[in-house]
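Chain nomenclature is as follows: A, B, C and D, assigned in order of appearance, with residue numbering initiated at 1 for each chain independently.
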Amino acid sequence: MTTIDRLRETVCRANLELAQSGLVFGTFGNLSAVDREAGVFAIKPSGVPYADLTPAHIVTVSLETGAVVEGSLRPSSDTPTHLELYRAFGCGAIVHTHSEFATMFAQANLPIRCMGTTHADYFRGDIPVTRSLTQAEVARDYERNTGLVIVETFRTRGLSPDEMPAVLVVNHASFAWAADCARAIEHAQVLELVARMDWRTRAMTTSGTLPARPDEFLIDKHFLRKHGPGATYGQR
Amino acid sequence: MTTIDRLRETVCRANLELAQSGLVFGTFGNLSAVDREAGVFAIKPSGVPYADLTPAHIVTVSLETGAVVEGSLRPSSDTPTHLELYRAFGCGAIVHTHSEFATMFAQANLPIRCMGTTHADYFRGDIPVTRSLTQAEVARDYERNTGLVIVETFRTRGLSPDEMPAVLVVNHASFAWAADCARAIEHAQVLELVARMDWRTRAMTTSGTLPARPDEFLIDKHFLRKHGPGATYGQR
Amino acid sequence: MTTIDRLRETVCRANLELAQSGLVFGTFGNLSAVDREAGVFAIKPSGVPYADLTPAHIVTVSLETGAVVEGSLRPSSDTPTHLELYRAFGCGAIVHTHSEFATMFAQANLPIRCMGTTHADYFRGDIPVTRSLTQAEVARDYERNTGLVIVETFRTRGLSPDEMPAVLVVNHASFAWAADCARAIEHAQVLELVARMDWRTRAMTTSGTLPARPDEFLIDKHFLRKHGPGATYGQR
Amino acid sequence: MTTIDRLRETVCRANLELAQSGLVFGTFGNLSAVDREAGVFAIKPSGVPYADLTPAHIVTVSLETGAVVEGSLRPSSDTPTHLELYRAFGCGAIVHTHSEFATMFAQANLPIRCMGTTHADYFRGDIPVTRSLTQAEVARDYERNTGLVIVETFRTRGLSPDEMPAVLVVNHASFAWAADCARAIEHAQVLELVARMDWRTRAMTTSGTLPARPDEFLIDKHFLRKHGPGATYGQR
């Protein structure tokens, strides 16, 4: 079995796991993973029901050219978005879903605010929303421009994709990423969890004034307890 | 097995699928499908628990006269509504449910706004609500008038039932349709999904000003990516 | 097997069904049924986990005296409430639950408004809330006074327990009833359903003005389509 | 089998039960129980998936020194919080979860108001929120200071941990406790239930004025019906 075969198998299995996660409706959503040494990433084909998915359906795409390398089906329509994220960020796997609460924030053009330690354990600050694409950006290379506007969001706001492993694309949905497939799915799940909690905070606010975010030192405490060289959480 | 037998079997199976979809409470809801060549549609009987349903229970109704053709049970009380929709629209199957979020919009007399690409992948714009029926329309031929007011809604607003395959009947519930049973159920499910997301957007709005809809070119991009001659989604 | 044995078996089975309905948390909630000829009703014992319940645990209580007739356990603490309802109303079975949405309306001292046909198919108008009990009424015969204040609510507002088979007890929870156990559970379920839908309507109202109720002739049309001598719904 | 072995087995089983309760996401959350005679409490290890947990993983900690007594893994990062609660309160078991509704109130810095009898059956009044920790308290001995600020909350407000067996830690999450593991989990579940109901009350309030709490004599009636020497609920 080649490295690429293994990658396709991993990506197939992870897409099936994603389908079981409750984050996905119908054929919405997709997951990819990259082999940077081989210069390719593997991704779900477009519009194929999760129930029918086998490793042979998984398509591999060149990181350099964006062209299909292996696979007889058409890759996910969101493939050019994944490509631009792999080019700009150092992640190993990317998950795209229309999970309901995160999508709803994307539709309302609102960041998911960092309101507590649950959020700070995974995301160091508010989860950002991209700007809208222009008519020209939608008309031509729409999916590629979606990737580029995500990268632009991180660059212009000085965000690190390692400390902020998710983004909302305005009026569309979310992308999340991580070093590997399991953690990318976990990030997509926590993204939905914190979106749900921030939504509930907003929904119960009757005064027009949202509760304040916690002190930054509390956010940093929790993020750094789990991430980076000073992490103390778990069995090390 | 005659064509009509097959139609009844299909409609029975699809009603059972609908009962499993989470969109239906108790005996609320019904699904029908049409055989335009034979000039009949087949529909669930009135008030029969889904658990007991067999193809023999399914009633067929003449498109021309509205009279029962085959079946010893009384057809769904909503049969005259289905009849008027088949007469006016070109669809192949119709689903009626009281799914909670869509019904709640019908009760609040509010359209389900098109707030993002999840909605635009299925419905090209806001999902409309009919006007209220008059006392005379309720008193006599209530169910038929429900169908007529749906058709009126589409005609007066210049909506295409192919681009807008669902409607809210004010203070009542929803109807959705498609070329076949599976897609009619899918439309009813997405209708509920987008109703839930628009509800959440409204529920979290504390300022009194709802977020704006996306640009029309984004809605068109997504609708036309999946529908019509220029569609690129899936394996073609 | 005596009539009373059968009643205890029926009530045991229906309490287990209630426990499976999603309306009940822990040991909250109880169901009773009456045999008016025998002059007794049968009810769940107090604080016994549903998992352990057998017909032998079910307690029978005299309609005339309120005293235990058969059963070695103490009856539900809400027994005097059931007693007063059986004395005043003609129902055959009563369900008490703390189902979340109905309870929340009771806590907010708000009726569940009749906003559409789903509600009107079961309840002819708004579902009422009782007044608060006085300190004296809470201090002595609290559970009996809970029954009396329900009866007072129906009498002073001219409501028929047949057309309005449920009530909210302010700051407490709900009671629902019907001719038999299965329909009493169904009423408790629809009560929760319409509470959830009215709550959602309120939660999404940003303007401070709730949507209007439907025309009364629409409510009557739906209630009378399913109830009374002119009913046309189902197989008759 | 020693007393301590049994304690570890009990705590392992209860942590698995907690994982099944719906209150826990991923590895968030932990449960401990104390053996006051032996002077130790047993707690879940840090960051170990619930699926892998065995009694051998459970760590025991000295009540006097806070040091690990038995177990080769690192105890939960929240161990110093549990320690301070065991020192100050007389409880036998403690549950920490990020259950969503309770956590959302902690994030919004709002108490869970006692709005009805469901709440009053378990908690005698509003469930309090701690003050924020200072930067110094977060920087050093963060988890121990979390325990101390809980104890401070109860002391300064004159609350009894027996009558109020739960607390919200601001911007973080909740702790609940009881005489034993099963009841501590039950308290965590009811905490989530009443948080959900109070949230819903807030979310549907459109006027800016929340509904009033019930009379104190009703709250006392229900709390004392189930707790203390005058309790009448259940089989006694």
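Keep this in mind: a contact is a pair of C-beta atoms (placed from the backbone, for glycine too) under 8 Å apart; a residue touches a chain by one contact, two chains touch by 3 or more.
Values in this document were obtained by computation on a predicted structure and should not be read as measured data.
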item	value
Fraction-based call for subunit C against subunit B, same above half, different below	different
For subunit A placed onto subunit D, the superposition rotation in degrees, Cα atoms, nearest 5	90
Cα-centroid distance, subunit B relative to subunit C, in whole angstrom	33
Chain centre separation in whole Å, for subunit C relative to subunit A (CA means)	47
Two or more partner chains touched - positions in subunit A	203, 205-206
Subunit D contact footprint on subunit C (complex, rising order)	25-28, 45-48, 73-74, 77, 98, 100-101, 103-104, 106-110, 132-133, 135, 138-139, 142, 170-173, 199, 202-203, 205-208, 210
Of subunit A, residues touching subunit D in the complex	115-118, 186, 189-190, 193, 196-197, 200-201, 203-207, 211-212, 214-215, 217-218, 221, 225, 232-236
